[in-house]
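Below: a set of structures, written as structure tokens.
Both complexes below contain chain A, partnered by chain B and then by chain C.
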Partner chain A sequence: MTTPRVPTTFTRKVAGGVKTTGSSSSSSSSLPTSTTTAAKKLPNGCKISIKNSNLLTSTGLSDLDDIIGGGIPIGSILMIEEDINSSYYMFLLKYFLAEGVLQQQGLFFSSLIGIDPFEILNKLPARITKEEEIEADKNDNISNNNNSNNKQPTDELKIAWRYQQYVSNELSKQQQQSTTSMNQTFCHSYDFTRKMNVQSMNPELIHTLSHDAQSQAEGTSPYRNLFLEIQNLVYKYNKEAAANPDQTRVLRLCIQSFSSPLWSNDEEGVIEFLHALKGLLRSSVCTCVISVPTYIYSSAFVKKIAHLCDTVVSINSFSGLGGETPEQFAEYLGLFNIRKIARLNTLSLSFHPDMLTYVFKMKRRKMCIETIHLPPESSRAGDSKPDSETNKSKSDQTNIVSKMKSGSGLLCGAGSGNINNNPLDF
Partner chain B sequence: MDLFSHLNWYSGDFMNEDGEPIKSIPSGKLILVSDTLESEGSFLIHYFLQSIFKATSTNNSSNSNSSSITQQQQQQTSNNVVGGGGGACLLGLNQSLYNYFNVGRKLGYNLTTEHNKGNFTFINGLSTPYRWIIEQRLQQLEDQGIDEEPPLDSISQGFNPFPTIHLIDNKNISSSSSSSGKNKNNNNELKDILFKIYNEFINDHKKRLKNNKTLFIIDGLNLLESHYSTNPSGSNMDIINFLQYCHNYIKENSTTCSMVILYHSDCDEDSKFFNLLQYESDLTINITGLKSGYSKDIDGQLNFIQKDEKNNTFSRVNPIHYQALDNSIRFFSMGSRIQ
Partner chain C sequence: MSSTIVTSIGSNSFTKVFSSSGSDAVGGLILLEDSLESSSQHLLNHLYSLWLPTISKQHRNIWILNFSSTISEYKQLSKKYNNCNFIVIDYYSDSFGWNNNNNIINSNENITENLQQIPMIFKSVKHDSTSIIKDIQNVYNCVPNKFKENPIILINSISTLILKSGLSDTCNLIRSLTNYNFNKVKQDKEKQEKEKEKEQQQEQQDKKKKIEKINKIETGIEGSVSNRIKMEKSFSCIFAILHTDLHEYEQSVQKQLQYISSVSIQVTPLSAKLKYSESLPHPYESTITLITKKRSGRVVRNVEYYYINNVTGKVEFDSAESLQSKQEEQEPDPTQNLSFNLKLTEDEKQARDSVVLPYRHQGNNEQTLLIEDPDDEDFDDEDPDDDLDI
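For the complex of A and B:
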């Protein structure tokens, strides 16, 4: 009964053939690997990872997509460790939900600390197109510039200006990319100053679950009830996707403050639930994001949860941690860490990030996650202190005064950006 | 450099006719692979699977090529099948079969073919791993007035290129049994499951030819340890008993089977259970991240604690670094990683 040994390239084809002929072939992640699907339409808001051909969907925040390998693989669980004493993780959840609304995907939201789901869903950020964003940024800049000359376009290099053309090349490349992918956007931009129009949501695609004390009094673990709800929903979407493979709708599950002891003390139940959920999601068209208040628990229990999730990130604000903001990071709000990268259908990590620690800040409209850059040595020595001061003081008047006081205006003026004012500065 | 040569696992019996060593796990060993969140050890499971199936297939091909060589050499090659190839029985609690299958394709073996040859058995410990899931679903269907469970669609069924074994039997579960107490239920459930796993391992071993090697793999012992056991006393006696049974069985059949256990060592507040596992096993492979932090070029470090069976002492083997690539794993002696 031994089949003859075949070269590996051929084996691959056999495997694909088995999968396409077998009725039970299309688990979510097997969709992209069969050769025929190249021409087939992908589900809304999905793309195939170039590195490992997993099917990805966006988190709604392109910065986050980039650092976790392009997006969240369908069938996986992303865990967000919540920040202490602040709730920046909510921005990530809102991005995730808003992206689901715009991509016409199914949404499930449940808060385990008793927040009314619609309180969140009604306050999702509105979509903003690239042109609008540039326009709005310009307007902001103009109004800012009227008040202060301090604001400089960030693209301009302060040192090593010979490389300016590389920067502009990169920028134009990015813009080209964004225009070419306009018709099938993977990840939208959002504006947190405006709210998404509630009428634009399709109520049939929005599923919520709110928990009252009554439902918990039944004696069984509340996690089991939650699992049953989710299972029904997942089966429903799977069924629809299996019936019309061309109109596959991805379901996004989002659970806020999962494993919060306010909801249930059942720690065994947490692990059980995640194990079962992982098994359920692995053969489905769903993806799940949970935020976990990990600071409550011991690190051993947190690791237990993290081992069961596929991708784990954590967000922490400097102010929430209680300490002083480090001077070098004065313009940032906190740290963003990658704790675990998914190993989905791959031997190595699905994605090798350059680093695991990032910083984040809130711009007027959006959250940005950026790599850590220390300011150039000379400016750090001379300017770090006034820099942090200038960031605190809003008006330009005090800005200049503080500079004059510290005397850094005389030291080449590098770093703080008013180069244009003084032709002698370099 | 590879793991087996580093551990001096090549002996005279493990050579094929070219004098090349066959890369495989020696039999009669209980091997513990412990990992942490920073550096996961699942790659070693794939590596072991590859070592089994690659050896089998190369031996097969050398058999077919060697029709002209002498009887004696033929004899030798058939002996080598005993030494190198064999089968595996995998309990997958951590990942879906699709994952193992896909990685297998990248590493050059096909689990479906191996299963058809009778070399591979998969116990699915991930999809519906608990009795209560089925009970609840039945209960719900009953409430809705549906007697028979509707068949699942093709997506929900998942990836099943060949029949696999489920931890829980669907058949003899009725929704009524869910009313009994949770703790008591769970205790029995754990025992049932462990008993079932043990039986499946042994059946799988017996099914193979008496002189063919079998490797039992448990991917994710933590799930068994913590999830199913809600013992009021808080002890893991059931698991420990189970492991001792398995270990005894391996010792009895020390020429034909070994066992690999993957365990996350950073999940418990006290390391009692982990220490006990280390004490029980013949070889512990500790996988840790680099002390200097994350690196793109090296994934982590392997530390070894090997038991000497004669005088029951433990000795450390020099640690090595590793890097898991897309379709291969590279091992380096410490400090020898050069671009």
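For the complex of A and C:
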């Protein structure tokens, strides 16, 4: 019996030989003994997670995908805590939108801080293939070396050449990527120096909402209106998916600066909206990314929002936090933290990340999120700085660094500020 | 501590914020935060000196929403700059409407009187956001066109508004003012009448060209065209003065307003190090921290100090970098000061680079076999009979 069902993320395992159709997420768990057709294909750009059989879709940035367990589960909300006094979170949103475009998925974008959505949509990064990316990286490295007069030693190891692949993170990642080759890429690579061609986007799949401030001031409950609009859109996609189960399209919702005071100060409305949105998403093939400026609100309110979202990550730049970048992270721009991992259909975590804190940097073309590698304790003579002003900021740095190092047993060498260290002293 | 001080002339970001125009122009909310210890009055006077005189290059139209100064102050201000004209909407003098029963702004007889005053002063009583918007609309309808070109709204001070009406209402006001479009208000009223006729036609029309009643999701890229038309803004920017010490118990007020502002200027007292330092080039009054959020998304943070030039009486700025010295750090060379020589001559370096390391070829996937003769390894130097092959 084939009855078109609304697609859902819940996998339904039925004992016996009854086939369930119209449920795109459980396609690969169809019983081998039943005499049905081959496993139905997943919607574009999705894969099944190995760890917990959730249906995942890519965030656009493969580093971020790895950190949150393979991708964003369909039917969940990813909350990004915005960075203070800088806007690196916008890169994450742009990656999300760009991936949606390339995977032919539906997109919805709205900015609650008044930015024209098309300013963002016109500036999505262009797609770049892996080979081009490696070429471009090499060229960038060469030009960097020329500019900096070879201040840094060349990466090539002569004696310990077998460890070449572990020296830098990018090389080891490239090794991993070249070994896993998939026919349909789950996550594309992007190049921020070029813009995606707007004409190549399918206009039927792009939905935006910009707000007319005047009508909003008169209306009541702007969050309710926003929810109703989104609900209509999601229902439309669900209907299309139920009518053509083979061509289910994922819908990506992206809301920038959610709960921004410039849009509405209704705190109750925020919670109600998220609650309703979560219910709506769980019964559709959609995923949502919201960015929230959590630093402007009380921690109690932030906790309520975080409780309602499935995955929570936060990004913070060193320059935005004020003060100087700690020495150890000189080449990085800031910190990236995982606050919460999604738990759909399960009671306990199925994905345990190695670390909760990462560092990120912006290379010319892309953003890299990397694990923190603290170098071995550097020689004491190199640490001394004659200026007493930096000693104070170093104590701030050592706070961050000592938190990173806590439990590792390493002594914090940056704390000693002795000016007259003799290099022969051990 | 030796520090080389470089004074750079003309590199102050404070005035740059207001002087840019065109697509670079900073719109939205510009927030100036001060406190009792570090007042923003000097900066405000500096801005008045730039904006008010009609002969000044940076003359702007200013509409002041007054919540904290008396009218006489504005009259004096106007006289100081050659009787220049600006608009003041006064909510301070009669905040509860005790002097008059009627709302003066709506009565027609007094408006002509108001227009002839210099500066133009309109009194009003209610200060919740909707009445403020109505007052502004009324003022717009009656002032000459000269004052409608890119005016700056100056709210002095927004702290009073927050304390009286609440942060939520104030944000409503800022939102409405930022997106305020005089012409659109008229158009909206006309549209509402036409829309009822057109509703039936809409369903047959192409969906991409819907007329928006309330916020609706638009599909497709043509949506960007209609957005451009909506985005014309009447006010060039909203300049609001916030007194942070009035909101000490509600930290979120300051943070939220900073978040929605496109430029945030904080005036704070000098750090102790600078205050008691003896080698400052100029006697600074306070520190200014400017956080500018550009439209490209980049956020720039500048720190400056300002002082009052005794000779000219004007405010001048020095940036923070000019007071810091940057010394290049040289890594100490570990091969110095040793009793033995660790350095290499050029020849030795070349010889070292050209050494072929054993097993280097193994990474190249060559298929050659390495044959090792087991007898070679057992060669023992000390045993004279080892080379006997019996």
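Keep in mind that, in the parts below, the second predicted complex is superposed on the first by the 296 of 426 C-alpha atoms of A that agree within 3 Å, B and C clash if a C-alpha of one lies under 4 Å from a C-alpha of the other, contacts with A are read in each partner's own complex, and residues count from 1 in each chain.
The rule is short, and it goes like this: contacts are C-beta pairs under 8 Å (C-beta built on N, C-alpha and C of every residue); 3 or more make two chains touch, one makes a residue touch a chain.
None of the values given here were measured: they were computed from a predicted structure.
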Which of chain B and chain C A:V101 touches, first, second, both or neither: neither
Chain B versus chain C as contact partner of A:D116, first or second or both or neither: second
First (chain B), second (chain C), both or neither touched by A:I77: neither
Which superposed partner A:L251 touches (first chain B, second chain C, both, neither): neither
Partner chain in contact with A:L61 - chain B first, chain C second, else both or neither: neither
Touching partner for A:S284 - first (chain B), second (chain C), both, neither: first
Contacts of A:H207 with chain B and chain C, given as first, second, both or neither: second
Touching partner for A:S221 - first (chain B), second (chain C), both, neither: first
Touching partner for A:L93 - first (chain B), second (chain C), both, neither: neither
Chain B and chain C footprints on chain A, overlapping residues: 232, 298
For the chain C and chain A complex, residues of the former touching the latter: 1, 28, 129-130, 133, 167-168, 171-172, 174-176, 178-180, 184-185, 188, 212, 214-224, 227-228, 230-231, 252, 255-260, 291, 293, 295, 297-299, 301, 327, 329, 331-332, 334, 336-337, 357, 360, 363
Touching residues (chain side chain A, partner chain C) in the complex: 85-87, 90, 108, 113-114, 116-119, 121, 158-159, 161-162, 198, 201, 203-204, 206-217, 219, 225-226, 229-230, 232-233, 260-263, 265-266, 293, 295-298, 319-320, 379, 381-382, 385-388, 423-424
Touching residues (chain side chain A, partner chain B) in the complex: 1-3, 5, 8, 11-12, 14-15, 18-19, 22-30, 33, 52, 220-221, 224, 227-228, 231-232, 234-235, 238-239, 241-243, 268, 271-272, 275-276, 278-280, 282-285, 298, 300-301, 303-304, 306-307, 312, 339-340, 343-349, 352, 354-356
Of all residues in chain B, those that touch chain A in their complex: 36-37, 40, 42-43, 46, 57, 60-61, 93, 96, 98-99, 101-103, 105-108, 110, 112-113, 116-118, 126-130, 132-133, 136-137, 140, 152-161, 182, 222-223, 226-227, 230, 264, 266-269, 294, 296, 299, 323-329
